[in-house]
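Read from first to last, the chains carry the letters A, B, C and D; within each, the first residue is number 1.
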């Protein structure tokens, strides 16, 4: 239909059904997640136990940070396949700089040995909080450099994001493995590890009868990763929704040529979007490294990337650009994390897990399609 | 750290405690199921547990250490009585063991040792030394055959992101060094633990260097791939025949067993899968029985190289030969 | 255009020139790379990803994507292998069965995308898990050993040309004919260029869109079969992550992820280029840790040159108002 | 003469609201029916029913006396209905021949017979005086050529009813003449045609009969001779419309210049272009398609590079890209609002705010003040009378062409330009909205803004501009001022060059 004289949209009817309102809502994926949780709860009581909820949240935080980065790239109609490799690179570099010691039998052959890392530990070990901040900062900087290069290749040289970031994934990932000659770097300083699981507020359910609380029933509620992720999410939400830069990101994704003519610095916006993606991947990578207590050159490999992209897209962000919200990504990540957590709790044979996972993703997609159709009916 | 105590309205029910080992929930988290070794290990452990009347909760991490950590945490949240893991690598294993012990759940680590051996029930097999034994044997054979000429070895390296692959490569290199000038600089070929990659890379390597005398694969599962490269070139010959390339592998799977018997393969490094599985299970169940929440114990699997020389006496010590006898290779 | 400056020529045939350059450079570093046998073995190795990439081009032309190819190239040969083991069927019917399984996977993709209107990315992502799960479930994660006849087939050759290369050539030629010389093929290009206009023009849009997914999965199944027939065994991890290699090959050859641009030739070029780099690194004996880095750098360069080409062509198109003085 | 297509009491409801009501009308072979009406009058709905895109709610259609109920576009095509849309349905990545034969390739042994295809195409193209290789990709053609390809497609299908929807909007004068003589020829051959256009002069020129739609109903119908332009306008809008080109104070010739262009050249595109636009002045840029007008605009706006020459805005030399030019006070309404003007799926508000985002940002973080944006958008909506229900949610895609164009204008008005370049600002816009757009431009000029207006419609330029510069082959061939009087022949001669003037 041409848009020429499409009738003016019928004003939303006042008495729309509950279902239609639910499906049409911006928060659809949230309701989907909650619905999935509630439906499964009677069959999987463990799902709602405090211990599991704590797990759910702690699994969610780092993935969320990474997926928010992906959201920015998708908003400009790009894709970032290099996030996993960037995580690996960041975690390896940070660990090499900050380790409190290293085993020469394991790492002596690595190119970083004697340069960044030695028996006595990393270059920045033992310099207190400043050293820690510097080490993390340098590692993040390396990641951002990868992101900037991705962005420059895409924006200035018109290279397809898929290919650019795929190559970046190959190179950054292989570079990280080469740096340590495949070895993980252990002996991270206490403060670094605390970043991964240190709790700030914990709760205990039960009567206070014994003098010592049973460790198993103390649940970390507010943790460092939670705080990092929430700060990142709030800032990213602001950045995308409220700032000039954020609106320009959306404009570039919606119509690059129109954006350019309207004075949007398209090249700069594209480069920054890729840099942000790498930045957030790096932060996520540090959180993962901290909770695994090691710098890992293989972090984020395998199907991790599919989780990131899948969660972002399920949330509602479009792969074709111009349609992205951080809040959607929060919901998408919540759904994906709940999905894999519930699969863990279902006690499926490992021979069935993949099939169920595929089926649930399909189910979610189908619901989304139904919702789009219902809401489309409101507009001719 | 500040701990808030909330008097919860939730009645804290008595959680399943240890001592119920007679019919326990055991979480079995493994890193992958993609080669015969892991499939056989998985089968050995699950059947042993099920026969003991225990409930097995399986988790496959698909080679993702991070996912494995999440899976084990989910197991703990579910209130399992004990955990067996086949970790992705030593570093994540150490983290996971800590995690379990902090939650008072006994844990045993199977096959890949954590970098910290002081915690948990640990069954250790040293990839490097076992690989070194097998390669050493193969190189000795190859040097004998070469009659003075330096032997040209080739190694199919696994995924460089996998510590097992790296350990095996280290063992191979150690054996090569031991023989000094009798062995030329090895040709390294990447396989990424993938049959298709191994096929194309090995084919390229063999075309570039047709004069290979000895070949070591970091995992036995690649032998069929090797065969498909060597056979058309007339290099797939049994030990007695002209043009035999001396071959060694590692794992000790059923294919390797049959190939050793047929004379194509000369040696394979064996981890005693069944011993490892039994030892890990026994120690874990014993700890649960005793109500120990943080059992610590190191059990060593010395491993050995099954060779054309010792196959007569040690055949049934290799798990792959046992499987072979049971008809695992369903031809 | 009746004449071409060398630059125009370079712009027009970038992909071919890049491949030629790679072959020459590796040939200088490692002369063995240029031996006829070596080139043939490189082609043979390229056939695996190449066959699947040719199928992928169909999907990419419609601005779709198929992430399930890695799983299809696992499940289809697995089913064929099980049938060979249990029913004792021969290679030819097994191949047919394999292709049918591939087509069935494609049909499910097609139904999800065309009828249920799920975004291709999500639909095929779900299928990636579902199909692999089905394979793992049916094998119990164990390997499938094929009878000897399978390897006899896989290692056979015609006039000295290995079977995989022949299969690759047939698939590429057939795809080229379909895409360039049939109504169906041209309709795919039309659809990829402007789906709405294609619909308005009354083209059989839904049927066409369904067909490309069937073709893609069938090609993936064939790719898996051709590779596995050389080895005679399929392990549980086979094909995992290959979707990226397949898409890379297609895109490197010049196909666009946004539809309407690409050809069977581009998929062939892309697959052969990637494989030439990989093999070249092995011939040159480059350190294993550095191989992926060098490989990435070369692919980057190829994409970079292609980007320059696009920018230059754009400039040429703009200068059309008045003759250059 | 028996009717080819008859409509009997045809009606269509959208969500219970009638869009077309009780329409009875017929078209005979060899007849051209001019169909006019404002946007939203129901023309598209009617055409979609004839074209099989939507089924009617009430009434029926007859094709040569037989009931005609196409279930799809393909049905209608098979029956012999062809559309020449304003937005052409062509595939840029396919050749001319392939586009023409897209739904019926000649085949040999199952494959496309390329030689037969070329033959068929060449014959058709000869009929249309289109001198191009059939293998040329359509993406490389200019708009007029593309439309001829579209018509060739209809001819190839032996269409018996061809519906032209705003066919001349992107054509040059010569191409329009060619189109009209083509229509005459088709009429003589017995083809029935429906000609939809906002350019009423064109309707008078080609149509035999006129049908006027208003609010979904037929409000006037009869031979074209009974419908002089004023009556057409009256029927369409239901009231008298004052002169479409509202009178405007002529800018004083001594007003300070806003835009000064001196010797601007870009090899292969433009050569030695010099031009001045003063404060409050509307300067027209006339020329044939491909004369370099849009290219000049792109260079002025910093989208394409120039090799030599100077561009000054308010006395300041201009450098850099669009961003710098916008900051200096330039605005650019491109000829193609879908591709370059709007984010079609974004809301009206977001589109309006895009070029002036910086104005709405506050604080060191550059936070966009949403209330300020909302207020500005609302003010702009009222100011320009943009018909949209929900500025914050409604996607621009759902607006009519005229309202879309107003959104583009509004976007630039928000950035408060000193110089606004308009490239075909009324393309695909109906009479009512046109007048509104002209009024907006005039008001802008009165406020002191310089306007450079590119158009292929000579009437529009004559009605609006203080001066008209004519371009040909990338050069400015002459300039005329309103004071000196505009003569069509003179301007056209400048555009065509000497031989045409002779």
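One rule holds in what follows: contacts are C-beta pairs under 8 Å (C-beta built on N, C-alpha and C of every residue); 3 or more make two chains touch, one makes a residue touch a chain.
Predicted model only: the values in this text are computed from it and were never measured.
Distance from chain A peaks, on a Cα-centroid basis, for D.
Per-chain Cα centroids separate chain A from chain C by 30 Å. Centroid to centroid, with C-alpha atoms defining each point, chain B and chain D lie 71 Å apart.
Here the CA centre of chain C is 43 Å from the CA centre of chain D. Annotation for chain D: residues 53 touch two or more other chains. The multi-chain contact residues of chain A, meaning those touching 2 or more other chains, are 177, 181, 302-303, 350, 353. Taken residue by residue, chain B touches two or more other chains at 33, 42, 160, whereas all remaining positions touch fewer.
Every pair of chains meeting the contact definition is listed here: A-B, A-C, A-D, B-C, C-D.
The residues of chain A lying in touch with chain D in their complex are 1-11, 238, 242-248, 250-251, 254-255, 257-265, 322-323, 379-380.
Across the complex, chain B is touched by residues 30, 32-33, 35, 37-38, 41-42, 44-45, 48, 85, 136, 140-143, 145, 147, 151, 154-155, 227, 230-240, 242, 275, 278-279, 282-283, 285, 287-289, 291 of chain C.
The touching residues of chain B, when paired with chain A in their complex, are 1-8, 10, 12, 15, 30, 33, 42, 57-60, 62-67, 69-71, 73-79, 89-92, 94-95, 98, 102-104, 115, 160-163, 165-166. Against chain B, in their complex, chain A makes its touches with residues 46, 49, 51-52, 54-55, 58-59, 177, 181-184, 186, 198-208, 213-218, 288, 291-294, 296-299, 301-304, 340-341, 344-345, 347-350, 353. Those residues of chain C whose C-beta lies close enough to touch chain A in the complex are 67, 112, 116-119, 121-123, 125-134, 136-137, 140-141, 241, 244, 247-248, 251-252, 256-257, 289-293, 295-297, 299-300, 303-304, 306-308, 310-311.
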